[in-house]
Amino acid sequence: MSTLHTVNKSPFGDSAFNSCLAHCKPGDAVLLIEDGVYGAVAGSAVAANVEARAGDVSFYVLDGDTKARGLAAGKLIQQVKPVGYDGFVDLVAEHDRTQSWL
Amino acid sequence: MSTLHTVNKSPFGDSAFNSCLAHCKPGDAVLLIEDGVYGAVAGSAVAANVEARAGDVSFYVLDGDTKARGLAAGKLIQQVKPVGYDGFVDLVAEHDRTQSWL
Amino acid sequence: MSEAKKFLYVNRKAPYGTIYALESLEVVLIGAAFEQDVSLAFLDDGVFQLTRDQNTDEIGVKNFSPTFRALGDYEVTKLFVEKESLEERGLEPSDLQEIMYEDEDDDWEEKPSIQIVSRSEMADIMSDQDVVLSF
Amino acid sequence: MSEAKKFLYVNRKAPYGTIYALESLEVVLIGAAFEQDVSLAFLDDGVFQLTRDQNTDEIGVKNFSPTFRALGDYEVTKLFVEKESLEERGLEPSDLQEIMYEDEDDDWEEKPSIQIVSRSEMADIMSDQDVVLSF
Amino acid sequence: MKFGIVVSEGPYTHQAADTAYHFAKAALDKGHEVPRVFFYHDGVNVATNLSVPPQDERQIQKNWTALAKANDIDMVVCIAAAQRRGILDENEAKRQGKDASNLAEGFRISGLGQLIEMGIECDRTVTFGD
Amino acid sequence: MKFGIVVSEGPYTHQAADTAYHFAKAALDKGHEVPRVFFYHDGVNVATNLSVPPQDERQIQKNWTALAKANDIDMVVCIAAAQRRGILDENEAKRQGKDASNLAEGFRISGLGQLIEMGIECDRTVTFGD
């Protein structure tokens, strides 16, 4: 039993990402989409929050959204895995529920 | 020459209020409207940010918005002055420009 | 139809500045007719939805906060409010309105619908659902 | 018409997740015809609007980032980017695209339109305007 | 004093159109002028005449139309923003081959130049958005 | 697997309607079912047939209409949310005394019960909003 969490807003402008991190459980997955992908940028003021949870939570980023925003793979936190829309579908299917942090 | 800043989003969910505080100058005024009025609640996690600037910046809160949200005058930071829509108009007129922190 | 599913309505937004809180409540009221296992979560700015003494006369927007008190009549009786979210916002549980329901399994005794839970308990509640609707 | 007013366009939002960045740029382009004294401020998530190598093919949304490079042709040459906002977001000035203009007062020399400024300088720029439009 | 007002969010979803309305009314009550209100981004949706909110909710479009009529306010809806979002006047509907239009009385569709002009000609410009 | 999808924000202004579209398409491509998409809050604005975006932008309403047609998706627009925001089908327009309607092909207007029903009958419910 595990949850897929999606976050679609920048962690610098909105508290949704931090609230998601504070509520997700070991074994859950967090998928960053739309402006949420900025949460995956290495060396930012929130990167440490991701790195701190990367041991027990899986982090993903929607590839089309990072490319749109000019974030090359090398700019992203190492533990965050890029997926396409098809990978997004798989993540939803693999987890028991999806919670959108709007 | 001074600026009226308006903030309409909760400081707990959105970074606009903190950015406003970081950019307003001595002699400026900050008016909290709509969900921005939560920034005026005493004893909250952001109240100290307001109190720290209350010496050189004037803080106002739109009265109708605090009442709508059940925030009685006694719940608010002491240095924040309630105004009505007419007071809002006066503040816009008295300052050289209005900057909305959207 | 299969057995009841667990539905969680997640409320993270303040009332009036945006319509999400009101339209979320409209879903809860309609959803009550479907006899599912319904819970409401109030966390982050969502806790502001439940403050007492809301008076919207000056802003000209409809005050929907009394509707929360009617939820018991729809058998919606589990309103979980996060303690840490209250504290960060300078609120006490006593700043929230009282929402009661009559427990049919306990001789119709009046009981409070609001349960204050810790962040960690909220995470447990979220992870025990079939459908999570966020507004 | 009276003498030129100082217009500041404040950009605090990221591109693509919402339309504000694109529609702000549309105002700047139209506004250029009015021969006012125009500046653009990029701070908070607004700095993300200027990253290089944006490629929107997969999300199916129009890539409007090349339009920033055309601003010089419209005599919009003052793009102020806040240093602290870049740093908090893990960005270097070199992560931003180059935006140049030809300075007619200096023998049409090519000069950069982007100026990196401190938060305190940004506050000074904001406080020196006639009209502040926020998007 | 002349106040120019920008409304950047749609009706009911965000409070911006309400706050702008109360502000405009208060400014007029105090003897100021509100020569123009410019509707941009989702603000263009305020101008639909197809909105039928519940009887016990405020009527945002009708309130604006009445205020503009009583005080000679020029309510301008940005054409580019309106086209994206499906707000058309009769002419535009015809031009686009649509058999319906939905621009409410008191609003007119025009370009972004009207926003800049408002900024130039008003003493203060105030934006209501999200 | 059956995926139910909720779209909570309007077209162009937020990316939600785009992401939901790409997600639905990918789910169908992988052999999953998308029996219903429910449009709520400003999401109802996706269903206007009066939108005329620039030629070089994506056609959000038309894309949804085509996807639904090709895959037999039931696209439901919440009636209460639609009435507030001015999205009406022909019947509703007549009932409300309006001389125009603007609901695009492939969408139908119905109640919130359809959202709950979707949650009950689908294996997964995914919300796209802001």
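Letters A, B, C, D, E and F name the chains as they come in the text, with residue numbers starting at 1 for each one.
Everything below uses one rule, namely that a contact is a pair of C-beta atoms (placed from the backbone, for glycine too) under 8 Å apart; a residue touches a chain by one contact, two chains touch by 3 or more.
The shown structure was predicted, so the numbers you read here are calculated from the model rather than taken from an experiment.
Common neighbours of subunit C and subunit F, listed by label, are A, E. Centroid distances from subunit F, each centroid being the mean of CA atoms, peak for B. Distances between chain centres, each the mean of the C-alpha atoms, put E farthest from subunit A.
With centres set at the average Cα position, the gap from subunit A to subunit D is 28 Å.
Computed from the mean C-alpha positions, the centre of subunit B lies at a distance of 38 Å from the centre of subunit F. Each chain gets one centre point, the mean of its Cα atoms, and the points for subunit A and subunit F are 26 Å apart.
The residues of subunit A that reach two or more other chains are 8-9, 12-13, 15-16, 34-35, 64, 84, 97-98, 100, 102, listed in rising order.
Chain contacts: subunit E has residues 8, 12-13, 15, 19, 22, 41, 57, 80, 125, 127, 129-130 touching two or more partner chains.
Across the assembly, subunit C contributes residues 12, 16-19, 44, 59, 61, 130-132, 134-135 that each touch 2 or more other chains. Under the contact rule stated at the top, the pairs of chains that touch are A-B, A-C, A-D, A-F, B-C, B-D, B-E, C-E, C-F, D-E, D-F, E-F. For subunit E in complex with subunit C, the residues that touch the partner chain are 12-15, 18-19, 22, 56-58, 130. For subunit E in complex with subunit F, the touching residues are 10-13, 41-42, 45, 48-54, 57, 80, 83-88, 93, 96, 98, 100-102. Interface residues of subunit E, counted against subunit B in their complex, comprise 1, 3, 8, 15-16, 19, 22-23, 25-27, 29-30, 32, 124-130. Those residues of subunit E lying in contact with subunit D across their complex are 6, 8, 40-41, 80-81, 111-113, 115-117, 119-120, 125, 127, 129.
On subunit D, the positions that touch subunit F within their shared complex are 16-19, 59-62.
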